[in-house]
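One structure follows; several queries about it will come next.
Letters A, B and C mark the chains in the order given here, with residues in each chain numbered from 1 onward.
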Amino acid sequence: MKSKIFSFRLNGLLLVSLLSLSTASQAQEPVRIAFMDPLSGTFASIGTSGLKILQFAADYLYNSKGGILGGRMIEIVPLDNKQSPTDTQLQFRRAVSDGLQIIFQGNSSAVANTLSTTIARHNRRNPEMEVLQINYSAVDPALTEEDCSFWHFRFDAHAVMKLNVLTDYIAQNQDIKSMYIIGQDYSFGHVVADTSIRLLNEKRPDIEIVGNEFHPIGQVKDFTPYVTKIVSSGADAVITGNFGADMVSLARSIIDSGLEIPVYTFYAAYDGITATLGEDGKNLIRLVHNESSNPIPTETRKDFIRAFKAKNPNNDVTQQRIVNALQMMVTAMEETQSTDPYTIALALEDMRFTNMSGEELWMRGSDHQIFQSLHVSVHTDEGVEFDADNSGFGLLSEYHVPAEETIVESSCQMQRPRR
Amino acid sequence: MGMIKKLSVWIGYLIVLLALPQFFDSILAISIFNQMAIAIVFSLSYNMLLGQGGMLSFGHAVYFGLGGFLAVHALILIEFETVYFSILFIPLIGGVIGLLAAIFIGSFSTRKAGTIFAMISLGIGELIAATSLIFTDFFGGEAGISGDRTFGPLFFGVDFAQDLEIYYLAAIWVFIATVFMYLFTQTPAGRMANAVRENPERAEFIGYSARRVRFISFCASGLFAGIAGGLFALNYEFITEENLNAITSGRVLLMAYIGGLGYFIGPIIGAVILTLMNSLLSNYSELWMLYLGIMFILTVMFLPRGFAGFIMMHQTAWLRGNLKQLALPYLISGIPAFLFSMTCVAMIEMMQTEEQSFSFFGMQLATDAALTWIVAITIAVAAFYATRRSLPQLRDAWESANAIPASEKTES
Amino acid sequence: MLEVLIFATLNGLVTGLLLFMLASGLTLIFSMMGVLNFAHASFYMLGAYFAFSISQYLGFWAGLIFAPLIVGSVGALVERYGLRRVHKSGHVAELVFTFGLAFLVEEAIQFIWGRDTKNYQSPDILDFPLFTLFGQEFSAYRGFMIAISLGIFICLYRVLTRSRIGIIIQAAITHPNTVANLGHNVPLIFMGVFGVGTALAGLAGVIAGPVLTTFPGMAAVLGSIVFVIVVIGGLGSLAGAFIASLLIGLLQSYAIASDVGMPELLNLIGVSFESSHPLNDLWTLTLPQVAPILPFLLLVLVLIFRPTGLLGKREE
């Protein structure tokens, strides 16, 4: 520990000398990217699976082919924020201290909000050491709406966009006459509930909302009492924004009570959830997401997934959007021949990029929100070429909405730094 | 200790606090120092409860968090110019809120010490943490609330935009808080807290109400926890629910206990150790929490008085000038013990990693080779055996170093 | 409405009896040793994980038998080599030790089994609805859970009242020092009680794992509730723990099943607030929303007004 403390000063010196040197000497330096997500603690499985995808994508797409920007390797620096806003602050300072200027982060909107605020403040106070936030998964609409920031780019559809697609899909199903909404009592749960009710009212005024329930996040032992209410309400379907153990427990309780009604979700797949739902959840659980899981549209992406599975047999490519984010960021770097966050940010704005699935993605410049096609998939074992959790079960896309139909207005008033 | 000697300790403490950034000046180092500053005040305040007052609390984060929330609200008020107020005194706002909360909660929870107090603190902690998630307007839900410390009147042209500037401010507050907490231990109330901890009945016999003494300690502890919360608000410019829930309460217990209850300096040591582990170790191993847990259990089992207690154990030997006698036995036992724990760490890491090889202190270890495992297990067993064998010698050396005259020596 | 009431009662019973399995062990341990075992729910979690691993190879029923035995042995070892050592340093040290143990067990489980949810399933033989009432199924497995819990309660009750060791334990609940003075091997009894107590927690984990999801946070979800029960019931009172378990189980279940809240209450007294009111969060609060924190509210109230708990006799 002692020697580590001494190296703080060394790091500082190194940083100063690096900054003062010309770019010529940087040619051999790797391009260093921080990955800041939970890598220890309860939420670590999602964080580590994301890290593996990013790490693999960087190696597979770039490092094994001689690197980027004329021979520079991509180095992923994992930073463990334990999905806590406080630890995010600590790790952010570490990132800055180590000279990391690009941060990938995805889990928890609370963390994403904190990070976005911190980065905006930091960049304003330290214009010589700016930082860019690549949000690959946090779906709180506010991040690209009223709280949007020039330094934040989102590579996932936000909650309202996803619910738009989900309610379109529900609206088509004439069998559904009543809906029960249940969610965790926190901001995302409330966004899901409020938006679902609003959209269903617009699209299918005849669907009756027979329940709108919030439960404390991560504190419910047994969901059966809630399911009893769902049953007695006579609901034809359920919408929930639950994730993690709350998602599994809820789904299991619904299945155990013999209720055979569709459950519309956001996060009911991968990282053990698919395996746990197994046969019981077949054709009942549906998810809205980007990047179709089955069928995979292109050979390129199939090869990528197979190569990933060969290296990480116990993991899946759960979040293809991480790869999209990396590819678009590298494209921006190559276009500008720069790793400066401000320059990259400008290049990313309004970028149109064809991803592995052969689809054109659009990063809207006015609010830094990505647009791509969205899918509703069902949990099943039929027609599933790429399963999840090695369980034989996986997601099969049933409904597609092309990118241009997912576009929503944004109230973002972006404050652009002056250069 | 003479007056001058005491004073010089305090001046030394102040100098160390203020001089630290001169030696380690990276952003990370400053950030760690700021964390330490907050942790020191917080864990010292916890020690007022458990170490001095004998009240085991599982909800001390309540006062820290409430103080912090009000402090961030104060920052917001300053930013929107509702009030004109220097941010220098933000920690005081936190302290006042912590005190008020402690007066209210302490009025019924300090009636009893022991298990009942512990349980009430647990219940209150859970209640307030859960409530904070329900009242999202004030507490900001799971994302918390954030402010900006650069508003309000400047202090000699300093706007506190940089962490380093906050560090100096925090260092001053830490010093003030430490002095006052120390002075509290010297007041009759502070001294009676010890008496009540040891034997409440006797304390009552000499005319002190045990409940009243506990209440005073409790309020003082809430005050300083609130100050720590205010420092947190200043440093991070935001606060969330996790800062008043059971995790933070557990962490402060860990800090105070590992450092050493009952010694004034103990919580300071604990705060420093845990902050370093939290911010440095977590980046070397995903399993750092496992190591922390093991370390905590071992500390409770083998060093019941914490690290400070371990250091203070040597006081007798030191006063007799026998400390040198212990150096060699310590080295003989310490080296294999260290080797043993490091080999265990290496094996745990090898089990965890999915890579073919991983680097451990610069060594590349092949995780799937049987040889690596055989070597590791052999080293571990040998080191463990060597440690076991050397312990009796250490014990003998310990006894002879502490012995007054050989004839009065008692067993174990 | 009736079906909600019936199912809420059944659900409350299942939860309550499950909680009792944990609380009974905790109470026994506390009665004997004066230690509130913070890590008790961790043994419950260990039970679920051991049973999951065993069920992978030998099926559910083997897990049901062996997992509690393993957990009990682990518990006995913890007592022998951990707690007994710490005992010298006093009750605070013991409490802190079990607190650290809870932390360590959670980390160790993540290290051994990983962090994701485990696919631990109930046996196929119990995979049918026991009865269907108003269109809602009550699964046979839940019936099985009730049966096991009641069986344990009856066994425990008989052992404690009819057997010699039970009488010693009974005596220790009220007069711990006298029992030691009578020459009983107190350390051995301690180890045994700790082992049995943790085995009961392990058994609760085995049967709860398939329905309540086996994941690393399952101890944290239950941990403090069990504490609450033991304290509300009265420290050291087995009957009190039984009543408190059912009380908490039913209370939570009814609170969730209810549809009332502040809006209804305000309606009743004819008051209404704008949604922009600063205390809007309070005015829209519903009973189901606060259901999980009700036990803690009850805990604080009981401790303030009746520190001995419902049936407890000893204060410390």
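Heads up, the rule we're going with is that contacts are C-beta pairs under 8 Å (C-beta built on N, C-alpha and C of every residue); 3 or more make two chains touch, one makes a residue touch a chain.
Fair warning: this is a prediction, and the values are worked out from it, not measured in the lab.
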item: Pairwise touch network: line, ring, star, complete, or other; value: complete
item: Reference chain B; chain at largest CA-centroid distance; value: A
item: Centroid spacing, where centroids are CA-atom means, of chain A and chain B in whole angstrom; value: 36
item: Rounded Å distance between chain B and chain C, as computed from the means of their C-alpha atoms; value: 31
item: Per-residue overlap in chain A, given as positions that touch at least 2 other chains; value: 44, 48, 185, 216, 219
item: Where chain C touches two or more other chains, by residue; value: 110, 289, 292-293
item: Numbers and ranges of chain B residues touching at least 2 other chains; value: 130, 134, 136, 287, 289
item: Chain A contact footprint on chain C (complex, rising order); value: 1, 3-4, 7-8, 11-12, 14-15, 110, 114-119, 121, 129, 132, 134-137, 139, 141-142, 211-213, 215-218, 221-222, 225, 252-253, 256-257, 286, 288-289, 291-293
item: Touching residues (chain side chain B, partner chain C) in the complex; value: 50, 54, 56, 108, 111-112, 114-116, 118-120, 122-124, 126-127, 130-131, 134-137, 246, 250, 253-254, 257, 287, 289-290, 292-294, 296-297, 300-301, 304, 348, 351-352
item: Complex interface listing, chain A residues touching chain B; value: 1, 4-5, 8-9, 11-12, 15, 39-41, 44, 48, 78-80, 82, 84-86, 89-90, 93-94, 96-98, 108-110, 113-114, 117-118, 121, 125, 185-187, 216-217, 219, 312, 314
item: Chain C - residues contacting chain B, complex; value: 36, 82, 85-86, 88-89, 91-93, 95-97, 99-101, 103-104, 107-108, 110-111, 224, 227-228, 231, 235, 278-282, 285, 289-290, 292-293, 296-297, 299-300, 303-304, 307, 315-316
item: In the complex with chain A, residue positions of chain B that touch it; value: 23-31, 35, 130, 133-134, 136, 141-144, 146, 148, 150, 161-163, 236-238, 240, 242-243, 276, 278-280, 282-283, 286-289, 354
